[in-house]
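Below, subunit A partners subunit B and then partners subunit C, in two separate complexes.
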Partner chain A sequence: MKKRIRMVLIWIVILTALIIFFKQSNTYIQSVINQLLCNIILVLGLNFITGLTGQMNLATAGMLALGAYTYGILTTSAGWNPWVALLAMFAVGLAVGRGLGYPSLRLKGFYLSLTTIGFAEIVRLLATNLTDLTGGVNGLNYIRRLETFFYKSEAKNDYFMILLAFTVLAILVAYKIVNSKWGRAYKAIRDNMEAAEASGIDISKIKIQAFTLSSIYSAIAGALYAGFNMYINPTSFTVAASQNYVAMLMIGGIGSVPGNILGATIVTVLPELLRKYQDYYWILFCTICLVMAILVPDGIYPLLKKTVLWLKKKLVKKSAAGEG
Partner chain B sequence: MSSIILSLQNVTKKFGGLVAVNDLSLQVKEHSIHALIGPNGSGKTTTTNMIEGVFPVTSGKIFYKDIELTNMKTHQIARVGIGRTFQNIKLYDTMTALENVMVGGHQHTQLSLLGTLLKVREAAREEKMLKEKAEAMLEYIGLIDVRNEIVKNLPYGKKKLLELARALMTDPELILLDEPAAGLNPSERAGFVNILERIYNDGKTLFLIEHNMDVVMNISQMITVINFGAKIAEGTPKEIQHNPEVIKAYLGDRYKVVK
Partner chain C sequence: MGAANDINVLQFIVIGVAMGFIYSLVATEYTLIYNATGLVNFAHESFIVLGAYLFGGTFVRALGLPIWLAITLAIVSMVLFGIFASTIVLNPLRNLQFVTYAMFGTMMLSRIIIEACRLLWGPLPFTVKGFLRGSINIGSAALPTSYVYIIIVSIVIVTGLQIFFKTTRTGKAMICVSQNKDAAALTGINVTRNINITVAMSAALCGIIGILTAPLFNINTGMVASTALKGFCAGIIGGFGSYPGAIVGGILVGLLEQFGIMFFPATYKDVVAFGVMIIFLLIRPSGIIKAKKA
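Right after this comes the complex of A and B.
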């Protein structure tokens, strides 16, 4: 119980600090933070299928695009209320999860990666070429934002609060699932499929469930992304973007929620910090990622955890020696 | 006369032109220790895999009590009440010993994904129930002191035991053991046999495939011997030891002198 209160307090401090920081920042930093929150939701979703269940998914950009475009079209030409349009994201997620999940049951490894890349490309090409519906390369404009009942959130400032609320909710839900019997079932499938089956776990059902969760998360992230930019076009949803999300997952630490948050933060913020090196910033960023992949293949979070444990042990030993 | 828990009726398995199991019929009595032995490549593991639904049978039928398993999927068969361990250890390497065993209990839980998220209290109760049961299982098998170790760091013998604990967690009535004593040293083997006997005494039925004759002859009540996928003998350990065909095919002349 004490632990829980401490956790809540830590959360409140972090969130307040983030809000204060946001209010004082300029528009550029604000948009980076907004992007970061979207990315966190996305990586948490990707974690279910790629991190825990071990099915390489490179369709994240496609799922994100489906969410963003559905939300965009519903709130512009269809004229729906943004909140109702957001509810439609669950339908999108369920449809994609099943539609992509069933074919992937028979595929593994490279073949699954290729299939998911194919899916993402199909979505991107449709978005580019269905000009009447999606605006083609010109994109969709005047996308409406989620509004609270209290104020019209035309200003980016207030939309940030909504985004933050969704991110916290997404983190809580992900944390709950990862640390429940479902998280264990996902990991069991990743570690040993035959054994999981012999333990009475319905592999097909669980895999599709993980796919569905992942696509619901992605679709919601897509809607929120469309909301804060108020404009989307197909160039944001390339395979390179999907790879970037996988990089976030790998760098932070596969499987754990804090690792996902850390990874999303590093991969979103680091390139921005490196921008002062102008022409070289992307090559610097890629080098850093490569070095990390070689030196800390499990991701940064497990490393941090180990270091903290090691330090604690050292301290305890030292104090014990001091007393003795 | 005790009833039959598992029966194979004229089961045949062909891989292309190769007949792996040929017209095999056998019956396992409820609450017994039944061993399936035979030389390498005689079709023992194929038989287990067919019982477990990993391969479909080419012809014939398999029954668990009155339930026909022939066309059921592996996870459904596991839920009927059959647990298994594997010849090559198959554990969830990145998880702790306790979590490994808890996965075995997944099939008995009720809550759906949404339920886990919304019914907080029930979910916590379910989790606690799983954890307590898994701890009891580890205690039973003698692994409670390594419950928080990551499985890939455990020694071979403990991994074997852990697999058994996970199988027990599914509350099976029948446990299929694919070479449980393989790779264990004599003292570990003795410990393992003790545990198997304890499980038997607690009312489970054991069906084991084994190469180690010490283990087979000591604990089984009934032995079926197969060679080239077909049954060549069946009987008590004593009968098997004196069966000339078995000695020729499998045991070797050394076993003639055993009294």
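Right after this comes the complex of A and C.
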């Protein structure tokens, strides 16, 4: 109980600090933070299938695009209420998760990673070519934002509060799932498929479930992304973008919620910090990623955790020695 | 009416088969690495781009060498690059705990190579003047020279590879490693060395693909983006991990997409390969020719 109160207090402190920081930042930093919140939701979703279950999913951008476009079309030409449109994201996520997961996840091996690339490309090509529905390369404009009864959000500034609320919700749900029976089943599949099967886990069913969860998260992130930009076009949804989300997952530390948040933050913020190297910022960033992939494959969060534990041990030893 | 149709059909078939062979070569090139290491090399697209840049950018344009020398040097440098990439990146990645880690590593390698190409050779696309231009006339049909060369070179490479696997010690060892790594190691095959050779071969093949596709697309960092993806599709359709499957799948994709233009708007040409792949996954996931695995 005491621990829980402490956790809630820490959360409140972090969120208040973030809100204060956001309010007094300039528009550029504010839009980076908004983007970061969307990315966190996406990576939490990706974590279920790639991080926990160990199946490489490269359709994140495709799912994001489907969410963003569905939300965009529903709120503009179809004239739906944004909240109802947001509910439709569950339908989108379920459809993609089942539809794409069924053919590719029944099989062992790399089928998922290859089909997801194909799927993401099909979505991007459709978004570019179905000009009547999606606006083609010109994109979709005047997308409506989520509004609450106590304020109408017109500026990006206010939308931040809604994004933050969704991010917190997404983190809590992801945390619950990761530490539940489901989360343990996912990890079991990643660590040893044969053993998991022998202990009664229905591999393909669980894999499809993880994939569906991931699609729902991505679709919701897509709707929020469309809402905060109020404009979308197909160039934001390439395979390279999907690889970026995988980078967030891998660099932070796969499998754990704090690792995901850390990874999303690093990969969103680091390129912005490296921008002063101009032409070389992207190659620098990618080299850092590759070196980390080879030397610290587990990601930064487990490394931090180990360091903290090691320091604690040292301190305890020291104080014990001091008393003795 | 009849005569005009005949010409179109002949040209359609040649272009379809030629593109199909390019997909086959892409499928073969990543199947080589997949069979040797169990990894899918997401950097293969960048290997192809690097090959094209080395050939067109450095050896032909900057150094002004004759074409045959440029081709030889480009392939030799790709072999060296393959050994380098295998030692620095692919071999360390192979031993990681989860396959997803290694896949992520190859993706980052790909980005580094592409960025390096952009920085070294500049962001503007360019062409190799006079290389495989013009067309060959057969009867009344005009066949682009580059497509004809693609078909001839591909047939030579594909048969050469089959002979290499069937007759040489190294080739047989490579087949052993692809079927069972532990057993291969037990019979005294040096798996690491085997991987180095395979990656070098794959890189050389990528270089050849880059040179062959240079006349079709301008040389730029995104030149083979969709070709590389369709190569993956061709591999799955033909049978993942199988070399004859890669060829059959590639030619099938090339022809289907060429004849698809007759029935669908040309903008959806790129969707054909992915659509066929998903149908195959649903009905016959092992592909047309199933790979042998122990």
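Structural remarks
The rule is short, and it goes like this: the second predicted complex is superposed on the first by the 318 of 324 C-alpha atoms of A that agree within 3 Å, B and C clash if a C-alpha of one lies under 4 Å from a C-alpha of the other, contacts with A are read in each partner's own complex, and residues count from 1 in each chain.
To be clear about the criterion, a contact is a pair of C-beta atoms (placed from the backbone, for glycine too) under 8 Å apart; a residue touches a chain by one contact, two chains touch by 3 or more.
Since we're looking at a predicted model, the values are computed, not measured.
When the two complexes are overlaid on their common chain A, residue A:V246 makes contact with subunit C while staying clear of subunit B. When the two complexes are overlaid on their common chain A, residue A:A185 makes contact with subunit B while staying clear of subunit C.
In the superposition on chain A, contact is made by A:L125 with subunit C only, not with subunit B. Legend: residue contacts after superposition of the two complexes on their common chain; A:A198 is shown touching subunit B, with no touch to subunit C.
Of the two partner chains placed by the overlay, only subunit B lies in contact with A:K176; subunit C stays clear of it. When the shared chain is aligned, no partner comes close enough to touch A:T265: not subunit B, not subunit C. Comparing subunit B with subunit C, more residues of subunit A are touched by C.
Using the contact criterion defined above for the overlaid structures, shared-chain residue A:I283 touches subunit C, although it does not reach subunit B. Looking at the shared chain after the overlay, A:Q209 reaches subunit B, while subunit C stays out of its contact range. The intersection of subunit A residues touching subunit B with those touching subunit C, taken from the two complexes, comprises 190. Against subunit A, the residues of subunit B that register as touching in their complex are 52, 54, 73-75, 78-79, 83-84, 86, 90-95, 99, 102-104, 106-107, 109, 113, 116-117, 123, 126-127, 130, 166-167, 169-170. If you check the complex, the residues on subunit A that touch subunit B are 173, 176-177, 180-182, 184-185, 187-188, 190-192, 194-203, 209, 213, 255. Subunit C makes touch with subunit A in their complex at residues 34, 40, 89, 92-93, 96-101, 103-105, 107-109, 111-112, 115-116, 119, 226, 229, 232-233, 235-236, 240, 267-268, 270-271, 273-275, 277-278, 281-282, 285. Residues of subunit A touching subunit C in their complex: 50, 54-56, 103-104, 106-107, 109-111, 113-115, 117-119, 121-122, 125-126, 129, 190, 239-240, 243, 246-247, 250, 254, 279-280, 282-283, 286-287, 289-290, 293-294, 297.
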